[in-house]
Amino acid sequence: MSQDPHSLHQEIEELCATARTCYARGWVPATSGNFSVRWGSRIFITPTGLDKGALTPADLLEIDMEGHALAGRGRPSAETSLHTIIYRDRPAAHAIVHVHSIWNTLLSGKFAAIGHVRLTGYELLKGLSGVATHEHTERIPIIENTQEYSALAVHLGDVLRVNADAHGVLLSRHGLYTWGESVAEARRHLEALEFLFEVEGRQLFGQPS
Amino acid sequence: MSQDPHSLHQEIEELCATARTCYARGWVPATSGNFSVRWGSRIFITPTGLDKGALTPADLLEIDMEGHALAGRGRPSAETSLHTIIYRDRPAAHAIVHVHSIWNTLLSGKFAAIGHVRLTGYELLKGLSGVATHEHTERIPIIENTQEYSALAVHLGDVLRVNADAHGVLLSRHGLYTWGESVAEARRHLEALEFLFEVEGRQLFGQPS
Amino acid sequence: MSQDPHSLHQEIEELCATARTCYARGWVPATSGNFSVRWGSRIFITPTGLDKGALTPADLLEIDMEGHALAGRGRPSAETSLHTIIYRDRPAAHAIVHVHSIWNTLLSGKFAAIGHVRLTGYELLKGLSGVATHEHTERIPIIENTQEYSALAVHLGDVLRVNADAHGVLLSRHGLYTWGESVAEARRHLEALEFLFEVEGRQLFGQPS
Amino acid sequence: MSQDPHSLHQEIEELCATARTCYARGWVPATSGNFSVRWGSRIFITPTGLDKGALTPADLLEIDMEGHALAGRGRPSAETSLHTIIYRDRPAAHAIVHVHSIWNTLLSGKFAAIGHVRLTGYELLKGLSGVATHEHTERIPIIENTQEYSALAVHLGDVLRVNADAHGVLLSRHGLYTWGESVAEARRHLEALEFLFEVEGRQLFGQPS
């Protein structure tokens, strides 16, 4: 169940507002990124190729937990299967956000060979659900980017099970997936992780790679 | 024809909105940059010396494909001929945007001797029309900047023909030209390229040049 | 007494506007940060876990100088005791702001072992109350971050007494506390210190740490 | 005479809008910066200690060319004499803007010993009045910062006469003064110079100083 006593209508409005804010911050350029809410066994998700800076509830597709279209115009994104996998393997998740930021692109490229970004010692880690101290170590796994989405979905499922405590997953030189029990929690995780990626990134970049 | 079933009126409104957004992002400082829409054999283009932060449809000049004024107040920009060359050599293009950003200025200077900026391995390359994989390699040619605009127009035509797949052209320490079948597509190319320039730039700069 | 002839109502409105602006600047991501106003022996303070981007006066808790709740919904933040300590040891302070910015996180981490950030030679130091020249040297003490808030409150009191002239205190890899005789003065101190942290930070970061 | 056929009323409105935009960009933090318009022998100028993010025409002081108050509430800034000197030695100037940005603070500190910032080879130099080519070399003189404002005013006058072609003057680790025949031109110079400072700065900073 959703953490907040929000109605589906409110969650969808908040999802669209979050998408528009992400656009304004430069995190979903060029119609990239996607966003969804789960309500029972129905998922409301952004279609492919839409400018997120002007997203409204009428733009969303309604699909079931297997990714089949139930209602709405527009074509499902190739990444729809990644949302259904996350909802399957993180049963508490009721909202997912996926963004392409400068810093998540840089860190997911730099640490692709190591396989994760490690975040520790920062107060802002407490922005992640269940984390009560800056001494927490968060490992965000990095999956090699690919255009083979069905293989990727399987791989993502494995990564989610192996990294049961992770609050997000990176695709290398591609972007971040994070989620929450509500849109508000997914947005909180997004803001915390992107802040920490920038803090790490500013310590690492600025010389020839 | 334009990709979207937009009217000319809608395309012009969207062009002006794009220009105002570019101003807000710091991409067209000091009245720099220019923007146009082509509709059949008519071109609607920003005049010289205008603050793009307050651009409205009434500010645009109407010219023909040879650059002759048809209607509108204001003086044509010296760079008008670059727009007509692009429309001639990229027949599918119906909108052109030209911006001066920090990162395109830095990269176009650093790689001027090499003659192009090379972008590869990033998911956001899929923001470019016809690109279906992050494994694509995009080469954005760099033309040496000059104030000799008629020679520059000829040079630009050559560069467009030699680099038939390029989605944009840089002028060194000056700025980016990109285009699309509609204003929306031109803006998508702009957002994708500027994002990738920043990602590259943050890996390259930050030490004495 | 407050520096401005503002009413309590005005100060609270201004505190909320300041919090919303801090959110827009990325200084209080993921519901982090907190803000308060003191009026006589009453303190109006943000509760825990609230998105600061939408803060309104009705969200604030009213507490007394010992931190006991007087009115309002919501749960007090664990950092409430840091506010009451500052009001006790800086009797002129009538407003406190606490933010997590990229640059205060970076500097408070880098200089944690030294125990302070040193700022000198900048005109903007004159944004700090009582400072009349750029030749002033401001030392912002850094306290090691901890989740033991009662010990931290005692430590903060000591640091405030030893650093009687400091206009702010940093918690390492956590954030900045600053204050003023009014919300306007607290915001002025915040803007001056964050500007100077960024100026210092851009000279220090950009290579492997 | 002002470049635009604007009325005094329009110029003052535009000056205030420019100040508010500068605040939003982080260029006048902590009530720093000041702005003025000259109309015949009257000068309309921001008073000291005002938050530029909310500036309105009613906030301005009216002074004469010697800096004597004619009308308006508020206390003149200590830097008022720098405005009157610029109006005296740049007779075409009808508007002055003074801002404290991250990049002008960094560059004015780094090049203080050399005595100027040198900008050359950038298309955006054409944003400066009278400059027709990117091959132009602009030298922005740097004056050592001081709190002795009457000596500084004399020094500024000398610097303006020796650097007759300069479009701005920097005070070290303090900020930029630039001007124009109208508010629009002063703002254009400001945007061009700050853009170029950032372009230079990003090539220079990012390692221990």
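For clarity, chains are labelled A, B, C and D in written order, and residue numbers in each chain start from 1.
The rule is simple: a contact is a pair of C-beta atoms (placed from the backbone, for glycine too) under 8 Å apart; a residue touches a chain by one contact, two chains touch by 3 or more.
All values reported here derive from a predicted model rather than from experimental measurement.
*Asks:* Chain A and chain B are the same sequence; what rotation (0 to 180°, nearest 5) superposes their CA atoms?
*Replies:* Fitting chain A to chain B on C-alpha atoms yields 90 degrees.
*Asks:* Same residues or different residues where chain A meets chain C? The copies count as same if more than half of the interface numbers are shared.
*Replies:* different
*Asks:* Would you kindly say which chain has the C-alpha centre located farthest from the C-alpha centre of chain C?
*Replies:* That would be chain B.
*Asks:* CA centre of chain B versus CA centre of chain D: separation in Å?
*Replies:* Roughly 31 Å separates the two chain centres.
*Asks:* Find every residue in chain C that makes contact with two or more other chains and list them.
*Replies:* 205-207, in rising order.
*Asks:* Quick one: which bits of chain C touch chain A in the complex? Just the residue numbers, please.
*Replies:* 26, 29-32, 51, 100, 102, 105-106, 109, 145, 147, 171, 173-175, 201, 205-209
*Asks:* Can you name the residues of chain B that touch chain A in the complex?
*Replies:* Listed in rising order, the residues are 121-124, 126-127, 132-135, 184, 188-189, 191-192, 194-195, 198-199, 202-207.
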